[in-house]
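Common to both upcoming complexes is chain A, partnered first by chain B, then by chain C.
What follows is the complex of A and B.
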């Protein structure tokens, strides 16, 4: 019974992926009707070499924006998470709750105001127009992940560091952060994925291939005669998944460790 | 190694939370001589670890002062507070607090890398190896803490503490996480180590056996107040109050509550269960006045067993425990009075008399 359920779940999850890959490898998406099943890599060649499609530009933009945003978010959240979880100051309980509450504003409610702000600053269609709101939107998530992870690290380690002659910064960089790396990697990866897949802000604040990201770029793919080039879209989606899959595989042991640490009492 | 004296004056510490103010330490004052092994003994929550943290600089006292050797490290009136790093103390924690991402070598070397006097890598390496050799853990230097046993981790924690030759050792229940046998072995080794290094040590524990065997002097703490401070033998033989009497000793001292009553030439401790006849010469003259409340204390090993009619009170034995070298005889009286006797012989009958030698009786006001 359990195995059947697992099989159904796996099929349910993998079916769209398999379908995406299948479509990307056939010249015509209506192959089920025409019966033409000659597989080829033409769609992949098309998106990677065709300058008019600008797929490489979209991919470059997405990677730069996501890495910078995730890096900044993780950097800020690490310091904030340490302060909130380790230090006593007025508002150390209220502040993260307030950040969490503010993050519940739906992005669509602020997109108009942000558009006006970026337009007045001449920042539309730039990396900054996406990196800055991504940082603001992702810090609450990252802060809570990292805070929860810091809370699992025994405070005796900080105390031992202080008695051993280290100051606050040395304790943070030499003792706490190295131990907290799995949690920090988890936060980085989750934020990277969220930024990479974000659509609304990317659609509103960018105009062309100089700043547009992969989700927007793919959505704007158009065929010669206005038809929807499903083959190209699926191939682009498959290629765009590679960085996400690669990062997840690279950091999976840290992610699993980071996510599991809170569930088992040390 | 250098060692320092410690002077604590009127130390108070309160914690403020949403539930209100909790006074953990209430005007604690004591001094520790250079090279002395001083033990803070008390139950969980009595404030002993908070006191140790205040000495280490990990907590700021609400008021009072602390002086280590010639240096005043805390004085709330003069607004002096010296950071932990500048107090030249070392601490061994209950959890050892070894840095899990560092090898044993790196753990022991860490304090040396933080010192104002900069050691070269070669000097650090040499000091670490010397310390490891001294503690017989040289073969463990490249291992991580998770690859070590409890006893090995404790040695590494001690190594990290002694490597920079501090003037004061602080130990917060370092033996609590060990099993009983290892705890006994480490107790002896710890005492030997402290004796060889001759370094002032303040040791916190809730285990009265550890306190009795390790300490040159013990301070018994309860509810943030020092109940008694003296040599272990003195605290054991002459407890200052019922709390100390009941806390020190295994099994603890028998404390029998009642009213002191004088009839003719006899003095009784009378309670709901029985009249305990007390020998007159055991009691100081001023205590012969009848009191509304009184507590008699006598250690289990000091009570003698006789035939009914021979002693302070006739009782029926409830339970006899054979602990190997001796017997623990438990008497549970009808209305709640409990007495335990430690004897090398098992009683022949369940009906016995308890004999209280006069010099072994302790009298406390209730």
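What follows is the complex of A and C.
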């Protein structure tokens, strides 16, 4: 019975992905019906070299925005997580809960107002217009992951550091952070993936290839003569997905750990 | 004085450093989440369109919306969509989690593979499913015709009911991995001795499941339910790309309607629908928590 279950699970998970790859390697999407099976990498060449498709621009934008946002989020959350898990101050329980509550707001209630603000500041179609909201949206998740990781590190380590004459900052950087690196990396991965895949904000705040991200690019893909270029779309999808899939498979331990700790906040 | 007592409990320098550590993270969240949400709430009380001067209209936007067929349809559709996807995901998620909880070779490989739908962008997933359901090029129609189920291709995305199920299937495919991982964590935390004891006592598979597994994973189940429900109520990406809200307006969710109003410069109405969406999310979360607590107190 377990074997059938495994088969079903694998088919369920992989069939659509296989379909995507298959279509990307075929010139005409109706090959099932016409029986033409001339496999080629034309679609990939198309999207990677065509200037008017701007796919390379989308990739570049997405990578820069996601890496910067994820880096900043984990950086800020490390400080905040350290404070919440180790220091005593009024609100050290209320604050994480408040931030958790803020993560419940649907993006649609944020997007309209921010659009107005960015428009009036001339910030539309810039990296900043995406990086800053992404940081704000990712802090709750990242904070909880890093916080739970910090909480598992015994406070005696801090105390040993103080006894040796180190101040708070040195204790944080030299002692605690290196131990917490796995948790921080988990948070970084999850935030990176989330930022890379984000759509609504990118759709609203960006206008052209100078700041648009991969999801927006793929969603708005148009053919030259109005027909939908499925081959190109699937090739672009494959190029966008394969790095993410590789990251997830390579670092599955960190991803799963992040998902689990990020969810046990309830 | 109570304040002085409070301040004496905390070492002043520690509090200052703590706030300093917290300030960047908190301020970004306040600036880009709290203030926009408050601003949206505020805006929902104004008539805010480009061709007329901005005017305070109180609850007029809300009463306007509540009689708007687009909104009512979106409201009904969103709740239906959420209910169906969360129910199916939970069942599938539990089954797959139980499967992954068993020992077999390649288990950790399979666990990683299960994450693949979660890792790929929602847009990509939506495009793939859009192609699968496509009238002319889709695999589904191909299978139907070659296996002789029907002699005509079916226009999946052209009929409201079929489009609904297309969305549900795509959403379940994309987000079940998340449920699986969470439930798996819960399952792996259960003590094995209970099962051994039950087996010795002669309890069958189903009985062991009902009496041991189900009650003990209730908290994790609740967490998965809450997260999935909140995310499902807010769905936008999938609908925008897979059906565009169509055919007609039949598959528009609340977020899609809000987006359309925002981009047609009906700012007040867009803000109002955002407020309503949030209220629904909030209400359902509270309901879940209450039900969870109630059940726990029954144990």
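Details
Just so it is clear, the second predicted complex is superposed on the first by the 242 of 266 C-alpha atoms of A that agree within 3 Å, B and C clash if a C-alpha of one lies under 4 Å from a C-alpha of the other, contacts with A are read in each partner's own complex, and residues count from 1 in each chain.
Keep this in mind: a residue touches a chain if its C-beta (ideal position, glycine included) is under 8 Å from a C-beta of that chain, and two chains touch if they have at least 3 such contacts.
Since we're looking at a predicted model, the values are computed, not measured.
Per the definitions stated earlier, placing chain B and chain C onto a shared chain A by superposition produces no clash, and the two fit side by side.
Of the two partners chain B and chain C, more residues of chain A are touched by C. Of the two partner chains placed by the overlay, only chain C lies in contact with A:110; chain B stays clear of it. In the superposed model, A:247 lies in contact with chain C only, and not with chain B. Using the contact criterion defined above for the overlaid structures, shared-chain residue A:170 touches chain B, although it does not reach chain C. Contact with neither chain B nor chain C is seen for A:126 once the two complexes are overlaid on the shared chain. Rounded to the nearest 10, the angle at the Cα centre of chain A between chain B and chain C in the chain-A superposition is 90°.
Of the two partner chains, chain C is the only one touched by A:200; chain B is not. Of the two partner chains placed by superposition, only chain B is touched by A:157; chain C is not.
By the touch criterion stated above, A:178 is placed in contact with chain B alone, chain C being left untouched. No C-alpha atom of chain B lies closer than 7 Å to any C-alpha atom of chain C in the overlay. On chain A, the surface touched by chain B in one complex and the surface touched by chain C in the other have no residue in common.
Taken in their complex, chain B has these residues touching chain A: 53, 56-58, 83-85, 89-91, 93-95, 97, 99-101, 110-111, 114-115, 160, 164, 170. Across the complex, chain A is touched by residues 6, 9-11, 14-15, 17-19, 21-22, 24-26, 28-29, 31-37, 39-41, 43, 95-96, 99, 102, 104, 108, 110-129, 131-132, 136-137, 139, 142, 173, 177-178, 181-182, 185, 219, 222-224, 226-227, 230, 233-234, 236-237, 240-241, 254-255, 258-259, 262-263, 267, 270-271, 273-275, 277-278, 281-282, 285 of chain C. Note for the complex: chain A touches chain B at residues 154, 156-157, 159-167, 170, 174-175, 178-179. Taken in their complex, chain A has these residues touching chain C: 2, 5-6, 9-10, 12-14, 16-17, 19-20, 23, 29-30, 32-33, 76-77, 79-80, 82-84, 87-90, 92, 95, 99, 102-117, 132-133, 135-137, 139-140, 143, 168, 193, 196-197, 199-200, 203-204, 214-216, 218-219, 230, 233-234, 237, 240-241, 244-245, 247-249, 252, 255-256, 259-260, 263-264, 266.
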